Amino acid sequence: MPDARGQIRRLPGLRLWLSGGWLLLLVLAAIFAPMISPHDPLEQDLFAARLPPFWEQGADPAYLLGTDSLGRDLLSRMLYGARLALTVALVAGTLTCLVGATLGLIAGYYRGWADLVISRLVDIWMAFPPVLFAILLIAVLGTGLTSIIIAIVVIDWTRFSRVVRAEAMSQGAMDYVASAQVAGRSRLGIALAEILPNVLPTIVALLTLEMGIAVIVEAILSFVNLSISTDQPTWGGMIAEGRTSIYQAWWVLVFPLFALFLTVLSFSQLGEGLKDYFDPVLR
Amino acid sequence: MNAAVSDQIYKVQDLRVSFPDLSKKPLFGAAPRTQVLKGLTFDVAKGDVLGIVGGSGSGKSTLGRAMIRLLDPDSGSIRFEETEIAHLREDDLRPLRKHFQMIFQDPMSSLNPRRQVGGIIAGPLRLQGFDNIKVRVGEALEMVGLPKSFETRYPHELSGGQRQRVGIARAIALKPDFILADEIVSGLDVSSQAQVLNLLEQLVRELGLTLAFVSHDLSVIRRLCSRILVLHHGEIVENAATAELFDNPQAAYTRTLLDAIPLPDPDQVWA
Amino acid sequence: MSYLAIKDLTVRLKNGVPLLRKVSLEVEAGEVRALVGESGAGKSMIGKAVLGILPRAARLTGGKILLDGEDLLTLPPKARRERIGAKAALIPQDPLTALNPSRRIGPQIIDRLVDILGWKRPKAEARALELLDEVHIQDPGRVMKSYPHELSGGMRQRILIASAFAAEPKLIIADEPTTALDVTVQKQILKLIREMQERHQTALLFVTHDLGVVSKVSQTLTVLYAGKVIEDTNVRAFFEAPAHAYSQALLAATPKYTDPDGSLMPVPESIITAVEQEVAAFDAQLNG
Amino acid sequence: MPFVRALLTRFATTLVTLLGAAIIVFVVIRIVPGNPIAMMLPPGATEADIDRLKTLYGLDKSIPEQFWIWLVNVLQGDFGTSITSRQPVFDLVTGRLPATLELSLMALVIAIALGGTAALTATLYRGTKVEGGIDVAGGVALSLPDFLWGLALILVLGVVWPIFHISGRVSPSLGFDFQSNFYLLEALVRLRFDVVLDLLGHMLLPAIALAIPLAAIILQLLKQSLKECMHDDYITLARTKGYSETSIITRDALPNAILPTLTLIGVQFTFLIGGTVIIERLFSYEGLGNMAIDAVINRDLPLIQGIVLVFALLFTLVNLLVDMTYAALNPRLRHA
């Protein structure tokens, strides 16, 4: 029988490289935004309003991707927007994952009244349209980075708890859990040492997915003008602005939308790729 | 046979177990419960190899799992050595667990896919506070006839027979008094089946184990067991020594069972 | 001329690994031939190749399959499918999954007769009732209207047998038809298959891993190892004295409650090595 | 009668969910720091004015007291009065609900048609480049939310190739006098196909944006369960009987594969309805969601409360409906 171990850590696929590459680029852009931005993202120049990107006629090479209707440099605003997007993605994604996965594991493995309470809470949560819930929370908490993060955790923990609960339940029915019980492992020990490692790839995939979702939620909140103070550049804010001037200056919408597309797609593909990568049993 | 109390490792009395019947579950509301074990009473003597046989739905696997308290009986008594374990809480059971172990039917699902063989065998030892774990893991592997290099393999890298040996090694590493083997050869080819059975027979002899062997196959049971419990619809229809049961089956169901076995012999009359 | 004749059948995985190595065998009308071997021996693969239901990963790379004198492999796909549908039938392994759970029993027996063979519906229905009666099912009318989940495993296997014989095929391939059943039900089903086969004088290819079952149903048998024919003999000769060492070891490993000490001998390492070498030599001869 | 009792249990849990949702929103919007009353009054209003209005809207009582009053009123069919428009919440909500329903159902139909076709095609051509292509497209469709698809559609089919309208529900220039709020249904019934065309021109883009992620989910799940079914023995048996691949997939596999997909479509459909909130905003479509965002921004407490309750009611209703369809389609339950 050939030794299959060599194949376990098979090379991460193309999508892992592509999505990882884009996200790395984004991180670099966010870190070095003040250094590489050609303009102050807030600086208005009404004489340079709605300049098209460099390849179009009437472009100004000083504004590579053009300007918006207030004459602000789009490239600089995009770079600064990446900062907020990534902060929200990392912090909100991780917190949501911790809260949701913990509750899901408890509900799925311990069952009983804990499951009853958590499942009922999930039911109640599922009765809200999430976007409306998020907008409502921001209206209550006030705008700002902290509010956005809290809102995302509050609306989206159910995504983790539902999936982890189901996964923990199916793992809990496997005989290796029974054999751990026969060996005398405690309930907590089984949950952490036997079930959690088998649920982890799913959690990791969900985590990166959630990071993409967090970026979207932030963009949506910016879009309805409820994210953070209006003088900070965000992709969602730029999209809102671009939506109103879509017939006059399409590029104001296109560039942030493109960045958002790539970022969300990368996060979800990264998750799928990592899930395969971490799975020891290749089928 | 001497029936003194100390000779019995298990005394089971009026054991009853029921499950919710999910196939009859209405769309809304709770499922009705089906009686799986309907009041079983029997003893297991130390050093016995007890065969538990029956068709599908007879309750044979349920009985095994109840005996090592992988599930909670509705009522009745299970006395293991001197302790009543039928309704013991999991926390109180835990220190006892090293005395009764189990080998599972499906080794693929009973071996955690994310652990290496060494870790799988060492886990229970560590939990039960054994010392010299490294040595004990090596010994257990040797006893089941697997090379030491297998310690670093993952379950999916092994063949069916090898996985089943790992399952056996994990159980015997704890030096238990009692092992439950649940249909452990039903997924194997006859050649590996014979190997695993021979191994089990040898271990019982060398380690002085008491073994309960759940199977649907009377031929396999005859080879291995000293005593046989025939289950039918959750009830014991016959409880006899092996030779006695095969030579002179008492229950009608036992006779039907025996008559239905196709022997590898074209001359067998099969009316 | 045998009803089914397989000549030098070779099946490989897409990556070239052989599953069947130049297998040849014949089954005559009224004959029951058992295909025996351990898992991976390729015994089910032969039946699948004949019926044109090889898994997608496998490829038929050589040989001939003559059904009623006609080489199936030279026919275009549609004609081949219909030829098989009319002349051959399968009794599958697992009665629990072999009936479509969302359809009633009646249509599942009748559909082939109406859709493929072009019978009139009333005639097909009458035939189905008659067949259910023939496989000893009480109240066939009610069973025709039932869904599979309302019936027991043994009942379902009876229905599958009835369905297999519905179009009067001259070849039936039974793929481990009793492995999923309790031993008491197995006995009834085996006897039923034999009874039906004898009455209809069908050629029957019976795939099994159980030598006990072989001795009960078949007259001839083919022993396989790693997709190669190891021994081709008749049942009486085989159980008296298997010719090949591997066959002998297989028989010794088979449990036998009447002789506990004389059965369940593990297949010795040396015999496995020998038979592996034999297969390797065969491969070398093929390629060289 | 165990079935009736079980039905009542199910009904009770639904009520608990609705009540929980109502309480949470009620509490959340009442800890708003900004005073909604202050926003309604002209500058220079006195404290006495504020108090008067507070009493009028019941905001001077404790939160549990307010909730009780609200609940009793709701049970009598009175959902309160909108603070901003001074109209009954019930009239506002029922006026907008049909627009959202039409949009959601249109999106659902598109998603099922798109996802179902893709799944069947991929199954028929499994193992080929066709399947690979469908998988990649499905993966991308699933990764991106309706909000982004909406923006992309506006850009491509609204601006670059201006085939569709990108805002509103109906062209005012049409001058069609609607008698009900179900515009599409009404236009169809009155056989005014010019109006139908105009309505579709407005509705299709937001509907497609909502449908794409759901279509991808249907594709994945239906394809997966078809794949599992294709391994079952009854499929093998059908093959030996001489049926073609297409007929095996549609006749034998599909009825069995649909059931698990159906349950999921229920849950996902509620997500889709939730998505109308932002999509309606994006396309300036005059539905419930668009009104909800305005209500939040204006701190219109009774209106928010009413809209959330309607959404919750809609969601639980969808789930109940799915459970019943499942029972009706599954022979195991039908004959239990």
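Every chain is named by a letter (A, B, C and D) in the order it is written, and numbering of its residues begins at 1.
Definition applied: contacts are C-beta pairs under 8 Å (C-beta built on N, C-alpha and C of every residue); 3 or more make two chains touch, one makes a residue touch a chain.
Small disclaimer: the values here were computed from a predicted structure and weren't measured.
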Path length in the contact graph (chain A to chain C, fewest steps): 2
A-D against A-B, pair bridged by the larger set of C-beta contacts: A-D
Chain A-chain D separation of Cα centroids, rounded to whole Å: 23
Distance between chain centroids, defined by C-alpha means - chain A, chain B (Å): 49
For chain B paired with chain C, centre-to-centre distance based on mean C-alpha positions, whole Å: 33
Inter-centroid spacing, chain D versus chain B (mean Cα positions, whole Å): 53
Multi-partner residues of chain C (at least 2 other chains): 149
Interface hub residues of chain B, defined as touching at least two other chains: 23
Where chain D touches two or more other chains, by residue: 332
Residues of chain D defined as touching chain C within the complex: 126-127, 232-234, 236-244, 252, 255-256, 330-332, 335
List of chain A residues in touch with chain B within their complex: 1, 3-5, 8, 174-176, 178-187, 189, 194, 197-198, 280-282
Residues of chain C that touch chain B when the two form their complex: 38-39, 149, 182-184, 186-187, 190-191, 209-216, 235-236, 239, 249-251, 253-258, 260, 263-267, 272
Parts of chain B lying in touch with chain A, wherever the complex brings them together: 65, 68, 70, 90-91, 94-95, 97-98, 100-102, 104-106, 109-114, 123-124, 127-128, 153-154, 156-157, 159, 167, 170, 174
Touch list for chain B against partner chain C, complex: 23, 55-56, 189-191, 193-195, 197-198, 216-220, 222-223, 246, 256-266, 268, 270
